[in-house]
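Consider the two complexes below, in which subunit A is the common component and subunit B and subunit C are the respective partners.
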Partner chain A sequence: MTISAWETYYPTLLRWLATGGGLILLMVALYRILRWFKVKPEAANGYALVLPWILGLLIWNLYPFGRSLYLSFTEYNIFQPPKWVGLSNYVRMFTRDPYFWPSFRLTLSYAALNVPLGLLGSIGVALLLNRPIKGIGIWRTIYYLPAVLPAAAVALLWRWMLSPTSGLINFLLQPVYRLLNVEPLAWYTDSRLVLPAFVIMGMWGVFGANTVILLAGLKNIPKELYEVAEIDGASNWHKFTRVTLPMLSSTMFYNVITGIIGSLQIFTQAFFIPIPRASGTFLNVKIYQEAFSYGRFGYASALAWFLLLVILLLTLLVFRSSSLWVYYEAEKR
Partner chain B sequence: MKSRNVWNLFAALAVLSLILAACAPTTAPATTQPPAQTTEAPAATTPPPAATTQPPAQKVTIRLTTWAGTGESAELQQILDKINAENTAFQIVHEPAPDDYYTKMQTALAGGTSADLIWLSQEWVANLASKGALLDISDYLKGDSSPAAQLDDYFPDVLKTAAYNGRYYGLPWIAQPVVLYYNKALFDAAGLSYPDETWTWDTFKEAAAKLTKDLNGDGKNDQWGFTLNGWPPPQMFVWQAGGDVIAADLKSCPVDSPAAIQALEFYTELIYSDKYAPPQATIQEQGFGEMFKAGKIAMFMGGAADDLDRVEGLSVGVAPVPRGPANRATFAWTASTVIAAQTKYPDLAYQALVQLTEGIHHWKIAPPRKSLATAEAIAKIEPRKANSAAAIAAAVPEMRAFNVIPQHQEWDSVFWGEFMDPLFQKKAQPADLAPEMRAKLEAFLP
Partner chain C sequence: MATLPRPATLLPARPAPLFGLRSRHTVATLITYILLAAFSMLVLVPFFFMLSTSLKSEGQLFVWPIVWVPNPIMWENYVRAFTELGKVAPGLSFWRTLGNTLFITVLAMTAELIAVTLVAYGFARFRFPGRDLLFMLMLSTMMLPGIITLIPVFIIWRTLGLIDTYDPLVVGIWFGGGAWAVFMLRQFLLGVPREIEEAAIIDGANTFQIYYQIMLPLVKPALLALGVLIFQGNWNNFMGPLIYLNTPAKFPMVVALKFFQESLSKEAPKWHYMMAMSTVMAAPILALFFAAQRYFIEGLTVGAVKG
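Take a look at the complex of A and B:
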């Protein structure tokens, strides 16, 4: 009755090994072919060695990319072949889907709050972590910890902490509620509080990669600049606004770009914490639901391409604006 | 020069091996395969040779996927063992997937690796049938004289959940009616008579109010007459008032009909109400069914197969649910076994389906068949339910199942997320929301 390993495990293992071995042979083959065309050994070597990654990019990134663009013009439920419907998915998105605009609004508002607040927060933390105090290494490690925790675990932790009835946050706020004689806040179950709840969760991400990158940026500011400023009689505030901020602006620029992309693509928290429908659905979660819960892969692809275009547009805008506020040392101002 | 030739050979081999790897069939190359044990089989359409000459090694494997947990799987395996011992043409192998069942099942269907037989709860058959993922078994059923294939023996309202557009895609294996469990001690203490078939919504509410008490005098209730937490489904009460949330012809969602409004008002009055039922926080803290088992709830509407009537130290009676203004419809929790359209052995899968269905009908209560859902039969299938069998058998003829549409999952998320949720949170009245909700829900109709 039991299915032997020969039927299940070994064929998979063999195919896996064959793919790996085949890849190595293919690299060797490419090298030989390039050499045959009189390509220099170093160059042939290089091409052969990056071949697996180029293949990976083509097969696992570029192909799905093109495929999803194609699917966005079709009706596709994975059981039946895609049916070409032209722009109808996009028309549906903008005109007929009553849940699209609330979802887009929620996602945009989240990004609009999360990016600036996150930047301010991480600059503040980076400045603190840049101070020469004892045991700073320990503090830096502690503040970096959130970045190495699994996102799903963090989302579940937040779900519990913000839980209206049994959560830690409402427990701690109990005296305040009693003092003001108000009902405890129903965080993510009250549609008006969904956005604040998620922004609070988003702040958690402040302590992590962003702070470390800004800290690196702070460390890169030459000491001489501060010495010169001091000799000229600059106050701490002046040193911050005239030296630190301009010198840090290129790092901030990077953080703003990744922040916009990350905020618009929020998924993990949104997926693990159920929110009332009235408040909308974060776009990435909506994409997931449309595809995997309701079997509308074509429409989900259209939504995904819309999100991509929005992100692209915002990124381009920020890039365009960067000449106004980002300062590179090598440039003249 | 010699080494160059070796490299060229390698290059040729590389290309060849990649082509081989890409074209590799789903089974391993023949050299790695041990003597075929179960998978290699004669084509499904040719009848297997006589049983005496056929070694069991030639049986076709029919895969069955279910959401059964450990205990349920062990019980199911006994049925499968019996079927497998009796059959020479096929054997059923059970692949339970208790976690995230519907995601896994759909992924396997989409990936072409689905099991042949699949359990689906009533909301799913229309969805997958409309996508062409399920095998239409209507023609098989017509020419089959086995008892489990006699459609007129099934309760029509339960059977309809295995059909889509007039064609059948599976056979229901359970029809579990909702019944009223009541704690006799709490009724005795309140001096009330036990629920019976004469009860109506009003009798029920009156008793629930009398059974909701503050026992220790701290100003807070600690015993409640009833409890509601999204279960039983509000549809049941709408049916009892003579309405529906999806009409039988699947053409409208009359949630704004007077009957539906009346039922939803009755439902809303009970939810988390100080007068009848515990608040949401208490239910979350102490558990929904657990509160009944702990003796804090006097009446609980549960599935007929629930273990609420065999809690140690608790004397529990079972009655049919109270009657609504129009009838005493009760919700049937039902599920079917269906066949994946992609099965390699449709004939054998169908045979397996009928035999498996027959087996489950003698295992689960209540069987969805009129001939099997009698009090005696129920008591025989589940001796622990001997005392409740009469009440269950009385509830069975009045069972109703959902009217299901292909986009039922989406319909459900709107129904619960935008209609029931505000009612549960006491943010809206049914009459205010219903007209707007009707339009929203009807957008999903086929």
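Take a look at the complex of A and C:
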């Protein structure tokens, strides 16, 4: 028994049109009401225009935000109403769940390796691309390709390439294995190698996007700065450390922040690649499993809150440290 | 150059130094090209391997040394992968899953573009009490990990009885869209000179007319950049459809691929089929990327370099 495609599409299509139309009417109505109350036209227009977002903030951000904090203190399987259990979810996370610490360690190490290595690699390539070379468009296209590929495809592709017995990587490494007289590495199936395997895949995936961003940052550096440095007799190394790096630091800062936030939330790739239980899972996958596979919505909320705090803490640290290594032009004036 | 007659009294012409400036420059350029080519191999070889795998027969998959160009070339893999999928997922043909993906992507993209341009216009052009506070609040929502709101939002849709419909993936987007997109578009709108609008206001145009007839055409490149990135995001989105859709016939390609992996490819991985499906899934995005590359790169760099 199958349902036709149209039957599954049109109810959603109708509700989609109704919601969109309703929203526009609501915006007009808000404008009229505000004008009725003698609000200035400019302000009335402004409120009406940002109305969709204010509604979104309330429905999709603020309410769920508070709700998930509440749920993290409850036991909840969505069939019965949530039962308040105090801190017990958090206690369980830190003391009783044998897979929590391995998962946390895996997620954090992944971010700790992926962000700096990815940044170093993409700075290198961006510097190469910034040299006077031909065909910049073609090179940039090639490097950006992996970032366009769906994460699911990236994951499957790398799982296949890192397959222990028949993957491309082990095939290419065969001479090395023979030379060292060791067994081929088992990558995703060896709990010690899960992390490097993920980092390799992660770097391949983000490499291009970071490179393109950094290249735009490099192109943005005024040529005059280099000319002045040359007149002062600066060496290439000096030009790199005293002009390029400081001028690029705010772009690098952006990359580090988005890199940390992104790496800690890796989901799709991790979901497509089964790894040994002993190495834990990435936190986002663990949260998904706790909620949607085991029906522990309260515990999953507690884990999500823990992840949020880790992300906030790390972001704050990077922001705090930014005064040491990020150069903003405005400060000098 | 060397044809100019030299007075005999001058020193003989200096031979070009072996590692002089010019040749050092050439060597550096050469090294640059070699490195760039080497790195691009790292990118391209996996792509080629994906394509090559998708065209192999099952027997050629696990052959060492690796067969790079399959013989025979199994074009039928692309058809068979979806026939196999159809056997375990009733009603899920290639066209159906393509339709599902397009349905989600197009509705979500349209809603987001409309909502985002309206909101960005409001933030960029109108002064109202609390605007800056709201804008800061919006920027801070960018830091919120999506997982934190996931469970309560899931419960909202469940209460509405809309689990296993496309609504959670496309209807909710009317409300606000992505903070990042609003931020980016606002940056563009701030760059539009006010005089243009003022002239229109004097001509008696209302806010909507100004928005639709003046602002939108002016920020068209930004909209295209945003459009391709949102299209890509929705096309590749996995978590949303995974959580909200249960009936296999409703799956978009990414979830169909996961379903295939779980049901048919668990014990003996059918890599040729999975790579064929991955290629099919990636092809439209890659085509879009080649056609609208400029917009991809513009969208990617706008927040990073200026911010």
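Basically, the second predicted complex is superposed on the first by the 314 of 333 C-alpha atoms of A that agree within 3 Å, B and C clash if a C-alpha of one lies under 4 Å from a C-alpha of the other, contacts with A are read in each partner's own complex, and residues count from 1 in each chain.
The definition used in the following text is that a contact is a pair of C-beta atoms (placed from the backbone, for glycine too) under 8 Å apart; a residue touches a chain by one contact, two chains touch by 3 or more.
The structure displayed is predicted, hence computed values, not measured ones.
Touch criterion met: A:Arg67 reaches subunit C, while subunit B stays clear of it. Looking at the shared chain after the overlay, A:Pro98 reaches subunit B, while subunit C stays out of its contact range.
In the superposition on chain A, contact of A:Thr165 is made with both subunit B and subunit C. Once chain A of one complex is fitted onto chain A of the other, the partner contacts of A:Tyr47 are limited to subunit C, with no touch recorded for subunit B. When both complexes are overlaid on chain A, the residue A:Gly217 reaches subunit C alone and has no touch with subunit B. Touching more residues of subunit A than its counterpart among subunit B and subunit C is C. Once the two complexes are overlaid on the shared chain, A:Arg32 sits against subunit B while remaining clear of subunit C. Contacts of A:Pro116 after superposition on the shared chain: neither subunit B nor subunit C is touched. When the two complexes are overlaid on their common chain A, residue A:Ile78 makes contact with subunit B and with subunit C alike. In the superposed model, A:Phe292 lies in contact with both subunit B and subunit C.
Subunit A uses residues 1, 3, 11, 15, 19, 23, 27, 78, 165-166, 292 to touch subunit B in one structure and subunit C in the other.
Every residue of subunit A that touches subunit B in the complex is listed here, in rising order: 1, 3-4, 6-7, 10-11, 14-15, 18-19, 21-29, 32-33, 77-80, 98, 165-166, 189, 276-278, 292-295. Listed in rising order, the residues of subunit C touching subunit A in the complex are 28-29, 32-33, 35-36, 39-40, 42-47, 49-50, 53, 61-62, 64-66, 90-91, 96, 99-100, 103, 107, 111, 114-115, 118-119, 121-123, 125-129, 131, 134, 137-138, 141, 143-156, 158, 165-167, 170-172, 174-177, 182, 207, 232, 235-236, 238-239, 242-243, 247, 249-250, 254, 257-258, 261, 269, 271, 274-275, 278-279, 281-282, 285-286, 289-290, 293, 296-297, 300-301, 303-305, 307.
For subunit A in complex with subunit C, the residues that touch the partner chain are 1-3, 5, 8-9, 11-13, 15-16, 19-20, 23, 27, 42-50, 52-57, 59-61, 63-65, 67-68, 71, 78, 125, 128-129, 131-133, 137, 139-146, 148-153, 156-158, 160-161, 163, 165-166, 168, 171, 204, 207-209, 212-213, 216-217, 220, 250-251, 254-255, 261, 264-265, 267-268, 271-272, 284, 287-288, 291-292, 297, 300-301, 304-305, 307-308, 311-312, 315.
If you check the complex, the residues on subunit B that touch subunit A are 7-8, 10-15, 17-18, 20-21, 24, 26-29, 32-34, 37-39, 84, 91, 93, 103, 106, 109-110, 127-128, 131-133, 280-281, 284-285, 407, 409-410, 413-414, 417-418, 421-422, 425, 440.
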